[in-house]
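Should a chain be cited, it is by its letter among A, B, C, D, E and F, assigned in written order, with residues numbered from 1 in that chain.
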Amino acid sequence: MRYISEFREGEMVRDIYLCKSVQTLTAKTGKNYMSVKLQDKTGLIDGKIWELNNGIGHFETLDYILIDAQVQSFQGAPQLNIKRVRKADEGEYDLSDYMPVTDKDVEKMYKELIALCDSVGNMNYHRLLRSFFAEDPDFIAEFKRHSAAKSVHHGFVGGLLEHTLSVAKLCDYIAGAYPVINRDLLITSAIFHDVGKIHELSFFPENDYTDDGNLLGHIFMGAEMVGRKMDEMGTFSDVEKNQLKHCILAHHGELEFGSPKKPALVEALALSMADNLDAKMESFRELFLSNEAAGYEWLGYQKLFESNVRKTRK
Amino acid sequence: MRYISEFREGEMVRDIYLCKSVQTLTAKTGKNYMSVKLQDKTGLIDGKIWELNNGIGHFETLDYILIDAQVQSFQGAPQLNIKRVRKADEGEYDLSDYMPVTDKDVEKMYKELIALCDSVGNMNYHRLLRSFFAEDPDFIAEFKRHSAAKSVHHGFVGGLLEHTLSVAKLCDYIAGAYPVINRDLLITSAIFHDVGKIHELSFFPENDYTDDGNLLGHIFMGAEMVGRKMDEMGTFSDVEKNQLKHCILAHHGELEFGSPKKPALVEALALSMADNLDAKMESFRELFLSNEAAGYEWLGYQKLFESNVRKTRK
Amino acid sequence: MRYISEFREGEMVRDIYLCKSVQTLTAKTGKNYMSVKLQDKTGLIDGKIWELNNGIGHFETLDYILIDAQVQSFQGAPQLNIKRVRKADEGEYDLSDYMPVTDKDVEKMYKELIALCDSVGNMNYHRLLRSFFAEDPDFIAEFKRHSAAKSVHHGFVGGLLEHTLSVAKLCDYIAGAYPVINRDLLITSAIFHDVGKIHELSFFPENDYTDDGNLLGHIFMGAEMVGRKMDEMGTFSDVEKNQLKHCILAHHGELEFGSPKKPALVEALALSMADNLDAKMESFRELFLSNEAAGYEWLGYQKLFESNVRKTRK
Amino acid sequence: MRYISEFREGEMVRDIYLCKSVQTLTAKTGKNYMSVKLQDKTGLIDGKIWELNNGIGHFETLDYILIDAQVQSFQGAPQLNIKRVRKADEGEYDLSDYMPVTDKDVEKMYKELIALCDSVGNMNYHRLLRSFFAEDPDFIAEFKRHSAAKSVHHGFVGGLLEHTLSVAKLCDYIAGAYPVINRDLLITSAIFHDVGKIHELSFFPENDYTDDGNLLGHIFMGAEMVGRKMDEMGTFSDVEKNQLKHCILAHHGELEFGSPKKPALVEALALSMADNLDAKMESFRELFLSNEAAGYEWLGYQKLFESNVRKTRK
Amino acid sequence: MRYISEFREGEMVRDIYLCKSVQTLTAKTGKNYMSVKLQDKTGLIDGKIWELNNGIGHFETLDYILIDAQVQSFQGAPQLNIKRVRKADEGEYDLSDYMPVTDKDVEKMYKELIALCDSVGNMNYHRLLRSFFAEDPDFIAEFKRHSAAKSVHHGFVGGLLEHTLSVAKLCDYIAGAYPVINRDLLITSAIFHDVGKIHELSFFPENDYTDDGNLLGHIFMGAEMVGRKMDEMGTFSDVEKNQLKHCILAHHGELEFGSPKKPALVEALALSMADNLDAKMESFRELFLSNEAAGYEWLGYQKLFESNVRKTRK
Amino acid sequence: MRYISEFREGEMVRDIYLCKSVQTLTAKTGKNYMSVKLQDKTGLIDGKIWELNNGIGHFETLDYILIDAQVQSFQGAPQLNIKRVRKADEGEYDLSDYMPVTDKDVEKMYKELIALCDSVGNMNYHRLLRSFFAEDPDFIAEFKRHSAAKSVHHGFVGGLLEHTLSVAKLCDYIAGAYPVINRDLLITSAIFHDVGKIHELSFFPENDYTDDGNLLGHIFMGAEMVGRKMDEMGTFSDVEKNQLKHCILAHHGELEFGSPKKPALVEALALSMADNLDAKMESFRELFLSNEAAGYEWLGYQKLFESNVRKTRK
């Protein structure tokens, strides 16, 4: 497949892309034309259909379309001049070409996560983890392909798994380094901390906030999901229940970041700091990736880091 | 009964009080004495037992004790010099004398609340309200005698009911004045907004944060309680569920006040403002009450109001 | 009259509009053309005059002009291609067609306000209210047609009256619900709270901040106006004067919102909360109105509410 | 007179002091005694009257009393053991001995201020200044003996004049250094900026916030006073009026410091910075004075400066 | 020379300008053209080279180029239609025409600064000042032509000297007015306060943050430079060293403005306030200058002043 | 030795303690007595010397004194009634008994730190680390016995080493987990990050802020120390210098925590988060230690954590 990031001015393109939006507009001259946004996993590009003749088949937003087009340059940015369009059939394209996706091995990550689950000594927490991550095939499938964000860090297929594993491994280090930590509680809450995101964000290609996501948020939904399962299993003490739910509720660390409680247990604080550290490291990685051409140049003020930032020179 | 607020210097007291705390201490001279704090519904007083002879029976914190004592003045404040003590038997005292209690009629307030429940037209919300407030005797009993706070506004028996009713009535006015409001949603969420406080605070005479209260908070617990019941009842649409839960979650209005979501619906915003207004009016009432002697004098900087405040002169 | 909000692409328009701005520009080709913004009470539209021939009469900003034009579409937005223009004469148009205006009955609202004035028992406050709202025809006329804002809530003819009445009625409810409130002070200050806006904003069609508005603000000017009248009337006690002026000064509730004093009286606090509640309810109404097509869709992050918001689903 | 700051342990004192407070208390033994606070311009001291015999005449708070007492030390601090008391007659003492007072020459400062008034070229502002500072003997007398604060900087007799003059002279420098400044406006507003303090604080020896001070504040009252006089004089343009009133309203520089408007004119900003600088320099002077013994030691965290501070070593 | 600020539509221009940026773009028609930004000390202008024929010599960003062009108007703004270009030779132009430059006399300012240096009585500080400002020709040359900012106040050649002198003179006034000040420390730290800007910003025409500027900042670098020189000179007491370095470190006044320490000495506080006052006065001057046409109109919300601002009417 | 934490009421003590403070006071009766504070590594205790006879030898603050005393209880807290005192001779006591000290093995920690130094591949950074930590015996000795704080986390002998090693090991984990990190820069800056504390805090037993500490702070001093050594060594590139100094300057993460620059490099951000995490984990450990008796009780609002906190129940 010809990826959008590789388009060169002047070349002819004939391939299938995901239509993110489509509008019919009127030019000054009174003539109608169509303006579309096309997407694959490497990026987005604008396209224009100037001649609405019968080479242009019907299609709508979120359809996959086969196009014949030329790559042009408009105000310094590439743009497609589209001559022919038709909706593609389901077998003609591979979904994974159209969504950003983790560059790590999903199955390998999943195995690492299961190993961490199995390292939890508290029998109740261990059974709880397995009930979701080892014994619920629907949940497992969803968890593996979910992103962890609409736009910021880990906003790609597999991002939720990648972020969860990375936080859990950092927590494993912390539990080893600081004896004050209850490892079972910390590992369990790390693995569950963002589980509510499954209901907060819709799947790709949409990957947008759901109604539940906007109104309730993943923090509440995660604690509610885990709490309900613990009640169903019936073997948990009150302390096992409220300590785990607390860690999930408090994992954003500050009220103004949406946690209804500040961390009151050392594990809740450790989890919130591990979560934050992983998010920031990944954000730096993604920032450099999307500015690869800049090399060691300053990238301007970055709101997330509240600073002008730069790749470290070797 | 002789209430603490009415003690006069020099008088002899013989009555039963709740012992809030007791300590045995050693004087400079090396002699032991006991220091106690006694409480009834009108206030707190310090007492000393200088002579630990056999007129002093055994008692502990949260016991009700019968004392013989003289009211003295120490550094300008009244203090009891206790001569004799014994634990009181259960039939000898009336619990209601020892806890601050609403000065309104609980049954009358409860009837008003039920009338508001019955004014809700949405059948699902109506049944939900009745399942708690009309059909669950344990819940009703608890709700009627709970306080709404450990120390600030409505921190007395019946305070949760009084505050809930007052907020719901204000919301009723708002729903009438602003057609943009969905009355059913607003009234229902007003009645449920602080329901989680039943698990956040223990009952009087302790009236302190529970483990669940400290770790999870009434906002989360209220939304979880109501959410679980809606799921059990099985007749609610997703929208009915998430809109109601949102209003409960967002009722503190700001993330920094412990709501995990800012109000995203007009009813959620109206509820948060009604809740805040009722809390502030009651706080002024309680402040003036506890400073009745001050009359129209300035009461000094009040942290809650971020201002020096004064009773309005007529 | 043909309202701007009803224009359809392609149709010919011949009607009178208010010219909000006009500029003469030069095209790339070196030819001059004119760019105008036209307004009526339903909205704004851009227009271009490509041919500066003698069908184009002289006109200036804030003139009412009769145009012959065609509705076209430019970059997805409607635009007028204007062929002929002349200034309209005063009798040819009705001012009320050109300004946003309350959809409530002004005289009915005024009567309700007078009734509230007459419900104030304190003789001094009652006479003070009547001296402005019942006995000063110029003031009454101005008050009735003023807006309450440049752009945010109640920014239309009659908005000041509508907002004032709505706040005063809410305060009436509060005074009834909370015995701690001095009703006369609260109602009087509610009716006067935004009276300084008469000098802060110029009248429609301009409706912009005046020099006095920018330099002094309606809070100061309102308290000064009311204070001066009380001094002239000569019958007020110091307490009647400073308590009323305080409520006006403190009605924004927080120093950072422009009140030079935080509320120090319970009536001042109640007024500030009632003012805020009315403003927020109206802001939601206006937001939904200007997004009617969106229905129950999320409207994106709204700075005023610091949240993504949505109309409540029924 | 024997000043409080010069008392030495063990010495006998027989002199007149201002009684700031007096209370009758009961000792553990049941015996009554009196506790008083005495003040002169050099400080405050506690005193006890252990024997309430007929050498102790009647007196009340804010009386000047003649005492016979011995200086003792209690918990490291000096304390008076008072044997005899009687109320002093008016001729027996000099008020200036009992209040903190500027160490500068009041008449010399006043002359400097008048010279600054007379340097203002704008005829209206010049006449306005003279109407207060040169032609109103009551105002002049009050202005000369007022303090500028209850407790912080310039909280002494003559403090308002000293601070006003110091700010006006700094503004004179600024007007000379920065041509962007309108000198007449800056000097006039500097001289008037704190004039409302005459009504915000009561006179010595009380020197406390008045009702008007608490409810309205000196910022509002100053702008109102000056505004009313300008209206009475009748010769001012709107611009002369609102620019001067703006500078007074905005002189605290920030909304959160009680200005209802942020500085919108360069003179308003310059005035607010000059006011702040003078306040901070005087606060340092007073801090060092009250910690003279500390020499070049660190004085601990000072809330006003948000830092641990120290006198600069030479 | 023909300055950019004086260009009139239609005129032909033949002169040398600094090329701030140059890009080759493709028009819709597929034809290439060049877009440039040209600068002289009076401003910036866009230019287009539509015909890339052999009248167009090679040039790059930051070259000085001789152009033949016509002044046109595009969307209301002037634009150059460039016909011929060649790189200019070094002798053909005068650098001072191409950079914004102080309108004060540099040599006169420098003499004033030296006089202030020589007024410092502390021998160590005096020698330290002279070692930089009187005895180090390279430093002197750099200091004279440096700007004090990338964009905000004093962002022009000579700006660093102008700002430094202005702050030092204000500090001289302060030292005279407030005896609590140690004049030698204040004057010395005022003269050194922004010396680190020499390494924080590159020279004109670039005038941008350096790597050191972004990573270390002028506050750290200034304190380090002065500290190292004091250590080399070897005659300073610890107190002379740490008090001077503290004043430099604390001169932004607040941690959130980049000072690693809040002012702990009165001189550090005075310096920070003088620095701020000079910056604000100059910012007002520059704001009015760049809005000269606006006259006494309101200039809209200015982020720096957090207010809508206006030139003061006379 | 008999440690203070083990004192029991009534027992006689005869041992040597560090005198933290001593004052002579006068009792109500006019009699002089002495009040002292004594310290060992387990805590502080108050003592009184009621009889100033010749059994009481001369001693001063920070002397080590041999006392004969009885443990009594005053207002619920233990207090020493001291009968005899003499200054102890240097050989009579072991300094390590009088200061809080790390419970880890200093030499083992030092070896781990050296191993981390030796794992740095960049030759310049490696030599720089060794020049301090392997080749400068004075520095090594100081670094080993310094605390990392006056009062909060790691405020004990060896605390600086313990904290530094713990942060460096966490950074080692991070460098392994996130390929975006330059390990050499991160490990080097982690080891140097708090090196300025050697000059910010005086040694035990004083362990208080020095003049340099108050005026300059450890952030500036650390960056200056490392910068100077790099300049002396002469082999560093500009990038090696400013990147390392930046990481030290930015290690508090936020301007309001005293860093003059926000992290602009990913290593600077990682270091600041690792530093914070280690500080918080240690603070929890110390909090639980000092509240061991509380067990799993809530410990009340903890300012550092902005929450009521509790030890996690197993």
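The criterion applied here is as follows: a residue touches a chain if its C-beta (ideal position, glycine included) is under 8 Å from a C-beta of that chain, and two chains touch if they have at least 3 such contacts.
Just so it is clear, the structure is predicted and the values come from calculations on it, not from any experiment.
Participant: Hop across touching chains from chain D and tell me the fewest hops that reach chain E.
Facilitator: Graph distance in the chain contact network comes out at 1.
Participant: How many hops, at fewest, get you from chain B to chain D via touching chains?
Facilitator: The least step count works out to 1.
Participant: State which chains count as neighbours of chain A and simultaneously of chain B.
Facilitator: Shared contacts of chain A and chain B: C, F.
Participant: Can we say the copies chain A and chain E touch using the same residue numbers, with more than half in common, or are the two sides different?
Facilitator: Counting shared over all numbers used gives less than one half: different.
Participant: Please identify which of B-D, A-B or B-C repeats the interface of D-E; the criterion is that more than half of the contact pairs agree.
Facilitator: More than half of the contact pairs of D-E reappear in B-C.
Participant: Greatest Cα-centroid separation from chain A: which chain?
Facilitator: The most distant chain relative to chain A turns out to be D.
Participant: Nearest whole angstrom, what separates the Cα centre of chain E from the Cα centre of chain F?
Facilitator: 44
Participant: Counting in whole Å, what is the centre-to-centre distance of chain C and chain F, each centre being its mean C-alpha position?
Facilitator: Chain centres of chain C and chain F, defined by C-alpha means, are spaced 62 Å apart.
Participant: Which residues belonging to chain C are in contact with no fewer than two other chains?
Facilitator: 214, 239, 243, 261, 264-265, 308, 310
Participant: Using the contact rule from the top, write out all pairs of chains that touch.
Facilitator: Those chain pairs satisfying the definition are A-B, A-C, A-E, A-F, B-C, B-D, B-F, C-D, C-E, D-E, D-F, E-F.
Participant: Chain E touches which residues of chain D in the complex?
Facilitator: 166, 169-170, 173-174, 177-182, 185, 239, 243, 261-267, 269-270, 273-274, 276-277, 280-281, 284-285, 288, 305-310, 312-314
Participant: List the residues on chain D that touch chain B in their complex, please.
Facilitator: Within the complex, chain D touches chain B at residues 23, 25-26, 28, 30, 209, 214.
Participant: Provide the residue numbers of chain C that touch chain D in the complex, in ascending order.
Facilitator: For this pair, the touching residues of chain C are 211-212, 214-217, 219-220, 223-224, 227-228, 238-239, 242-243, 245-246, 249, 255-261, 264-265.
Participant: Which residues of chain E touch chain C in their complex?
Facilitator: Residues 9, 72-76, 298, 308, 310.
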